[in-house]
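Which chain is which? They are A, B, C and D, in the order written, and residues in each are numbered from 1.
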Amino acid sequence: MADAIRSSAEELAAMVPDGAQIAVPPDYSGVSMELTRALVRRGVKNLHLVCVPVTGLQGDMLIGAGAVSTIETSAVTLGEFGGAPRFQAALKAGTLKVKDATCPAVHAAIQAGQKGIPYMPLRGMIGSDILANRDDWLVQQNPFSADEDPIVLLPALRPDFAIFHGLKADRQGNVYLGIRRELFAMAGAAKQSLVTVEEIVEGNLLEDDATAAGTLSSIYVGGVAEARHGAWPLPFWNEYATDDAHMQGYVAAARSDEGFAEYLRAHVLGESAQAAAE
Amino acid sequence: MADAIRSSAEELAAMVPDGAQIAVPPDYSGVSMELTRALVRRGVKNLHLVCVPVTGLQGDMLIGAGAVSTIETSAVTLGEFGGAPRFQAALKAGTLKVKDATCPAVHAAIQAGQKGIPYMPLRGMIGSDILANRDDWLVQQNPFSADEDPIVLLPALRPDFAIFHGLKADRQGNVYLGIRRELFAMAGAAKQSLVTVEEIVEGNLLEDDATAAGTLSSIYVGGVAEARHGAWPLPFWNEYATDDAHMQGYVAAARSDEGFAEYLRAHVLGESAQAAAE
Amino acid sequence: MNPARPSPDEVKPEELLIAIIARLLEGCRLVAAGASSPIPGGGCLLARRQSGGAMHVNILGSRANNLMTNGGVELFDWAGQGRLDAFFLGGGQIDGQANINLVGTGDYPNNDIRWPGSFGSAYLYYLVPRVILFREEHSRRVFVPKVDFVSTPGTSGKDIYRTGGPYAMVTPLCLMGFDTARARFHLKSVHPGHTVEEVRDNTGFDFDVPDDVPETVLPDRATLDEIRRHVSLEIAETYPRFAQRVFPEAMQAA
Amino acid sequence: MNPARPSPDEVKPEELLIAIIARLLEGCRLVAAGASSPIPGGGCLLARRQSGGAMHVNILGSRANNLMTNGGVELFDWAGQGRLDAFFLGGGQIDGQANINLVGTGDYPNNDIRWPGSFGSAYLYYLVPRVILFREEHSRRVFVPKVDFVSTPGTSGKDIYRTGGPYAMVTPLCLMGFDTARARFHLKSVHPGHTVEEVRDNTGFDFDVPDDVPETVLPDRATLDEIRRHVSLEIAETYPRFAQRVFPEAMQAA
């Protein structure tokens, strides 16, 4: 809708209360690092982070900033840059509850949320210690099978917010996501989506056949703000690549509490963050 | 794959054995009438027609031709042209088994097939005579609720074939479907998809960002054939409108056995069908 | 003289129905109209204009008013998510408990008359808070004591998950409300030129009638102007024949 | 002299592993490689070339080799549908029953060492007929008697729906097969330059060793040529640093 346009990621961050459950995509899919930094600046606390299905820099930074009390994920990794230092430190310190999952289980629970059904059955997982440690998941007999056939039931995820970065939005609040259909599912499951985009454009993305197939309608969008290079230092689709040097700097800094604090001061809390991204 | 390209709808029709379960989309979504006519010409019998979630001319014509023994659908209608005469005649004659459904139940069962899960729970339906007449659907307590909370469980649909019409295909067998995501779900659930398209194009639809988001990969495609105006006389997306005069002629003819037989002779069995479509 | 409220003979039946429906949609964030529904579609479009852009409208079959990019299932997913505030259902038969029959008369499955089928009714009726029942025929053939086949029930037991149901019924004669606890319709207003007796004569089920039945309020001139000058053109995209018939002047001017 | 089969010192370890993996994929219609998997990715690309176009390859992170247009879930849906014939799994620990640990050492959740997590392993291992276990480190640290955490089990009881599982294990030392009924690995071949003793010394679990252990067959010259001239360039799109390191000549020529 017309009033979905927000002036900045700051304004979007202000919509997220402490304790909110937020869904985020993997590093390659369109992570709103700009909004992540704004959330750190706003000092949000006790987030329940649902990673659909994994996270990287975004999760590690939020955890390091003390913004996360629970993380539900199938992995936390910085990929070729190594393990996620703040995630590991928080686990060691016992300050983070981790609900380990497996990727398709997160997808299925999000799809259950998207469909408004209370749960979804899914194959696999039986005999895994992941399942053994998830008391919120059930195993039941497949009622359509005459033989013994246990299957895992995953309760639906309905996050308060889905938070991601898209290519462009129009002034009605429609957002172009291209082939990143996992973002559509997240948006459907979440109560509302907070989105940054490279660019706000004129016209209506839904009315143009060239963009309609990859456009999420404003129905799902609680707020959208323009943030050029909003995924930086992560890569964004075919638009820009990972900022390798910055990632290496992050990993080196985040090995220690002090280094991470210094990183935040230099790249998140200060006013230089936006400039650095340009 | 390269060998997915077929020379004609005839060749696709030859792949469908008697007794096959085939999934088809609604009249507005991309119906392959060309392949439907080819199936009638080939004299296919005992089809189990799964309408995702409803049908119109395609279902009525297949039923009239004696090709269908069971139809699973949420509605059969020719819309503004009226009821479906051959469907109604077959019901009267008792030659057709109809499994009445409701649209989201068909979608959910197809999505269960797409995910490879044995069933999907869905809200609604309890207290409906649709449910009362579907002994293949179950009602069970929602295991995540402490209170009494019955919910319908729908067994997955895994049709042998999904049959539809797309805008274009490349020589690798990738098919452009645009925003018609119901066709993606059908293709995922079906063992293979048989597709006609307006045009076979050069290049790779998956490699072009402008088409990738709306392209179904050849993984799902058992065969694709070019058929210009292949949805005729039905409308096709924004490409062409319903052939109103033809539809009116169909409805008038199909009111009687003789009229329908005459229609088939004139527009399906004869060689004039392709010419008429041009 | 040009009072704010026009006289009954200045308002076409379709215009009145569009205006009534728009009133029923007030405050909704997302409403949808199904296929073959020009009057409900028109009501949605009018309501959106009056909402100042706060309302989203999805009209099946419309290109300009399509919000769905996840396939036909998205409408139902909206309902499951609780995002869809209003929808419309008709029915070959509707009974006094608001049960709807879209399948046929006589014994199923070998019905005397077979209709198209239940579409999404057996789901949307449960999950959409404001389901507006709409029929252009108000007769004892349609409004029966008991439907022959329950495509979808008007009410459910308290253990059944149900966040939606019948909110109002709009016909060419009247506007009815529905009391879910009592599973019973009540007359809210009778359209100008019609009477309570006429409604009773043409309704096969019992319903409550207050001592004083108001006349349905006609749209004011501003609303009528919105319908004739703007909604007419918007609905013409999806329903050109309807628009041509009801709004010939607007179509000619366009 | 240029026999069809090159000598061991002409074949780089990565080239040998790519060739072994391609052999294991023979006859597959759809194979996929996960993120951070240049050697499995290379094996897939080689196998596709050798299939004459019959094989589809999906490499996560690749633009040119992406078949997914339904989001990240599509890979898992393929597996559920039975369309995905082969996939690769690694593991911080793998034990003699082919159980895989991707979570960490010590007691969960406060592990001594915490790894990224289980990704899709607890699903794909059950549903993909040919899961190829691949590790570039062959050591007792990786190949343990019993994993500390079962991200996903090598075998399941007969009442558990399971259409997939471990098909082979490829390491820098050897190729192993897995007997699901006995839940036990067996040595299939040892790579040139390595010995059965070396494999035993570096493997923390028991496995079967046939009386006569063959040497892993090296790729022939034609295959090596395919890898060096074509697979090198294809894999460079997704793994430029890997390609630069292993195929410097090809990268320079390109």
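Just so it is clear, contacts are C-beta pairs under 8 Å (C-beta built on N, C-alpha and C of every residue); 3 or more make two chains touch, one makes a residue touch a chain.
Just so it is clear, the model here is predicted, and its values are computed rather than measured.
Colleague: How many links in the shortest chain of touching chains run from chain C to chain D?
Modeller: The distance in steps between these two chains is 2.
Colleague: Any idea how many Å lie between the Cα centroids of chain B and chain C?
Modeller: So the centroids are 29 Å from each other.
Colleague: For chain A versus chain B, what separation do you get between their C-alpha means, in angstrom?
Modeller: Here the centre of chain B sits 36 Å away from the centre of chain A.
Colleague: How big is the gap, in whole Å, between where the Cα atoms of chain A centre and where those of chain C centre?
Modeller: The separation of the two C-alpha centroids amounts to 40 Å.
Colleague: Give me the residues of chain C that touch two or more other chains.
Modeller: 63, 68-70, 76, 79-80, 127 - these are the residues of chain C that touch more than one other chain.
Colleague: Could you list which residues of chain A touch at least two other chains?
Modeller: 108, 111, 115-117, 122-123, 149, 151, 179, 184, 212-214, 238
Colleague: If I apply the definition of touch given earlier, which pairs of chains qualify?
Modeller: The complete list of chain pairs in contact reads A-B, A-C, A-D, B-C, B-D.
Colleague: Where on chain B does chain A make contact in their complex?
Modeller: Spelled out, the residues of chain B in touch with chain A are 108, 111, 115-123, 138, 140, 142-145, 149, 151, 153, 155, 178-179, 209-210, 212-214, 238.
Colleague: Touching residues of chain B toward chain D in the complex: what are they?
Modeller: My answer: residues 1-3, 113-117, 184, 188-189, 206-207, 212-220.
Colleague: What residues of chain C sit close enough to touch chain A in their complex?
Modeller: 30, 53-54, 56, 63-64, 66-70, 76-83, 127
Colleague: What part of chain B is in contact with chain C in the complex they form?
Modeller: Residue list for chain B touching chain C: 26, 28-29, 52-54, 73-77, 79-80, 83-84, 87-88, 91-92, 94, 98, 100-105, 107-108, 111, 122-131, 133, 147-151, 179-185, 238.
Colleague: Quick one: in the complex, what on chain C touches chain B?
Modeller: Result: residues 35-36, 61, 63, 68-74, 76, 79-80, 102-103, 108-111, 114-127, 149-153, 156-157, 159-161 of chain C touch chain B.
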